[in-house]
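The structures come next, written out as structure tokens.
Here come two complexes built around subunit A, the first alongside subunit B, the second alongside subunit C.
On to the complex of A and B.
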């Protein structure tokens, strides 16, 4: 709640900066504000307060809110170039901060009305920011596609909420859960409601077969916005998804588990195999982000006490590694004019730091020890295995072998291929610091995974 | 009794006009049928004794949004049949997908046990006073939070519309 108020006010301050002309100061103010929001948020740990029966700051919500704030802090440092453009500076800041407000609501809602508002507050700035590169046709296409498909998915979500309201007479998660667990004969429209909400949420986390928007939108949007969508939006959407299906619909497991099983298998296979045949690294990372949604669906499906911490750790490991890869891809693509895999040829010689951090981040995404990604996958697989989904774990392991193949294509290009295009790379000091911090964090999380796993 | 007949009449009109929105070739006709659909739904609000919601519904949807729709269609000049031809596969898969959804919905409504509302229906629930009580007591936080949504949408619209100054 404190984080919510602080982030909303930061957004308004960013807008005021345009009027009172202190634009130069917004960037430091926002970074400071994020640090403050993180600290205030951590004060609520173990308090478990319920606000207006609409939002709850239990440890689950606080952990995910903190994760979102930390990732957005890293993201702001990565995206400094995005905020250099004079004319739209404060609009960009305000939209990103409002999107964060939506993300915070999505991880702490206890009412369907708040879930819907959170998703919309997160999505609408994203639709606009995806098209923020107005002169680029691809960016326009991305924004348009995202808006149309997103609105359609929201329609499914709302229809689902309506049917559930019709069957239970309540928007409140705990009340719905009580009705479901005490009533033996629930109205059959309730089940349709659950399915429609499942469709809406799967769209937001880009799980197959609702992933078709993701590659085009991720590729067309400016790279920094793609990084935002692949990390913060995905984390918030998964936290909301998990909260809904683990607290409210948990006792109806047999209704949705078969569907999620098929969706997880499809997402893993489609995401990984399609990523392997891409030439553009940005598009490859888009498909890989679809594939990572598949791994997280495994923990959702497990539906046991372990899945919350497994998803929290997976989201952490995946997000920080993604920030690093997107940062490096945007640096390389800016210098060479193209983001195909061949642009990375010989990067290890021309810029060892970038190549080193990229290698660590890609190893983490592929799930190779001693990086954070290994333990992330390990916990997810353990959680799925204890729930008795051994078949799905097998599919996930095969899929992650395909993943190793395409992540290593970039690593091989960086280390073993000759550079033909000797364009010097411009890396700012902030980006260098950010990349070093992320590389250290990935290794540290890989060495001490309990630090996060034991939180929930 | 007359209310039941009114309900069926309005539902029939809403569904028929809804179908006409989808089926009519001319986009301007589609929009006009949409206006009629909204009026039929506003009639349902009146039947539930929610006159304020009915008025707001007509003002916002039939008034503001429809005018915007018509204006955009006029600017786009969609009178010619410019729609690209869809392949048979896409049509077939769309029909199968939508048909499956229809089957699921119809089956679920058929299997519905008679819904007993958890609390007795209050005929005055739709009046403006009760609406205000609900909005500013139970749903105060969502009401406040939606201001962020509106502000974000407004900022975004301005950002997309304005020229970038070099």
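On to the complex of A and C.
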């Protein structure tokens, strides 16, 4: 809760910067503020406070909030160029910070109204940020598409919440859960409500068949914003999704599990197979982000004691690797003027550090030991196996192999192909440091995952 | 402690190599590899000749899910560690006249791979085994990709995906077993053994196939072999040696250490199919080897034939077959490295590997002809060479399983003699032609490597007992354990 207040005030401070003209200072203030928010957040560990039956700082919420803060810290360092533009600087800061507030609400809600608020607070800044590259048609298209699709999904969600309220007379998660478990004859509109909420959440996490917006939006939006959507937004959405279905609707497994089973299988296959035929790396990463949602759905579907820590670890591993890949993609695309796979040709020779970190990040995304991505996949598979979803694990294995195909296309381009366009790459010191830290973190998390999985 | 040293010394050396200049890399790599061999020999002197697991190290790793860093060496592991640490310096030595660009990375990758290989051979925890198993794949992938021949990107990628597919099935199998372990789930080898044996034969059958496919792809066994000839041909000589000399043994070792004890009923139930596949592979690969024009490719196919016999011998589940497999794993490692080195020597001097264009090298360089002949005879399993001991025991083991299978498996010896002797005849004998007339004499290093390998071939052909003795107690115990599980 303290972290939430701090983040909101940071957003306001960022807006004030324009008025009182201390724009140059916002960047350090925000970074410092994030560190402070992380520390304050950790103070709440094990306190399990309930705030007006609206939000709860249980360990689940704190773990995901911490993850979101850490990832956003890394993201701010990655996005330093984005905040150097002369105009709209403080707006951008404020929008991102308010989006973070929404994300934190999404992971700590205990009331459907808060869930809705959180999603909206997160989404509206994202609609604007997706279009922040105003002169670019694709960026405008992305913003528009995101807005339309997002509003559509919110509509479903809201309708679902309404129907559930109609059936149970409450917005509160625990009260709904009690009604569900004690009342044997729940009104049938309740089930419709659950399905509508499922659809709404699937839109937000971009699970097939509700993923169509993702590739266009991811490709059109500025790369840093894409990175934000692929990591922080996805993590928050999954945490909210999991909380809702793992606690409140858990006892109604048979109503939604078959649907999620099919969705997980579809997401894995569609995401991976479509990613394999892309030429633009950004679009490829967009589809791969869809595919990763599929793996996380496996843990959600398992609905057992592994689920929470499996999703937390997977989100961690996936997010840090994604920050690194998007950072490198944006550096390369800026220098070469294009983000096709061929832009990576010969990167190992011209810039070994980038190639090395990219390789580690891609190996992690592909799930190859000893990286964090491997343990994340292993843990997801274990949770799915425990729940008896062996068939889905088989599909996930095949999907992973397809995944290896497209991740390795970039690795092969970097190490094997000759560079034709000798445009020198400009990598700032901060980016170098960020990439080294991420590479070390990926390996360390892969070797010692216990520190994270023992949290939940 | 010595186990940890064996695993991590090559890794430290590899990291060190990254920071040195390309020119010095070769010498440092050789020094490191020889030092590793010395450590292995030291371990052998401390080794007690019984079936127990020695030099055991067991740390908690990821405690909450029952994963530990559990390593140890018994007789079977000891032989594999010896083979690895013996071959790696030899393999590095064979590259002494080759000048690779970015040599420091090249040797660092070879040493990193050695670390993973040793790790595979000493792991006593299923998860750790899997991690090392996968870890071995990354260095060899980059070795083949970056220093490989024409079209290496496509071919090595096929290799990578093929083996990764197998590995993932194995991971599925391991998780399945893990969830059947009693009490708090654990990946410890004894827990996995117990879990596997508590399953009925249908479930063991699932486990068998999940793991067997991984091992079969690695070896490779027909029909999972299609990556192998291309990869062996396109890889740089040292990469091919690592693949065929050592990495292939990960598959056979995996069957012995993990598959047999975990799923004895599954193995028994499917042994007919698996051995039949192995035997088909023997005949098929031998026949294809006969018509090969490229000598390196011919040896690649001969390797499929040899390894098919090894896997058939292991799956027959008896002491003779298993002992034969142990010996043959070592012999095959030595022989195949020798043969690929001979290919490399010929190719460097003549710029071709085409058997038909060569001829009469013996007239120019009789010394080379003799050393080549010794390695070749070891490979065709002539009595008094190391190949004979292994093949004899293996055929004996398969015979106890099924006589007809043995008849076909035995063809490997005859067909092997056909393609090897024919190619020897065509390359070394006959008229010296334009290409071979200027065949330069062997350099000191080349001589050294071939003499060491020839000595190993003859010595262990005449007196294989020291090698057999290292593994015998462990092999007997393993077979007894499996047979007890089968009787129940």
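The criterion applied here is as follows: the second predicted complex is superposed on the first by the 456 of 456 C-alpha atoms of A that agree within 3 Å, B and C clash if a C-alpha of one lies under 4 Å from a C-alpha of the other, contacts with A are read in each partner's own complex, and residues count from 1 in each chain.
In this text, contacts are C-beta pairs under 8 Å (C-beta built on N, C-alpha and C of every residue); 3 or more make two chains touch, one makes a residue touch a chain.
Source: prediction; values computed, not measured.
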First, second, both or neither for A:56, with subunit B first and subunit C second
neither
What is the contact status of A:415 with respect to subunit B (first) and subunit C (second): first, second, both, or neither?
second
Contacts for A:363 in the overlay, against subunit B (first) and subunit C (second): which applies, first, second, both or neither?
second
What's your read, subunit B or subunit C touching more residues of subunit A?
B
Regarding the shared-chain residue A:166, is it in contact with subunit B (first), subunit C (second), both, or neither?
first
Would you check which partner chain A:386 touches, where first means subunit B only, second means subunit C only, and both and neither mean what they say?
second
According to the stated criteria, A:404 is in contact with first (subunit B), second (subunit C), both, or neither; which is it?
second
With both complexes overlaid on chain A, does A:453 touch subunit B (first), subunit C (second), both or neither?
second
Does the superposition put A:378 against subunit B (first), subunit C (second), both, or neither?
second
So, in the complex, the side of subunit A touching subunit C is made of residues 363, 368-370, 374-375, 378-379, 381-382, 385-386, 390, 393-394, 397, 400-401, 404-405, 408, 412, 415-416, 448-450, 453-454
Can you name the residues of subunit C that touch subunit A in the complex?
61-65, 127, 130-131, 134-135, 137-138, 142, 145-146, 152-153, 157, 160-161, 164-165, 168-169, 171-172, 175-176, 178-179
Which positions of subunit A touch subunit B when the two form their complex?
8, 11-12, 15, 51-55, 85-88, 91-92, 94-95, 98-99, 101-102, 105, 111, 113-114, 117, 120-121, 124-125, 127-128, 131-132, 134, 166-170, 179, 185, 187-189, 191-192, 195
Subunit A contact footprint on subunit B (complex, rising order):
104-105, 107-109, 111-113, 115, 117-119, 138-142, 145-146, 148-149, 151-153, 155-160, 162-166
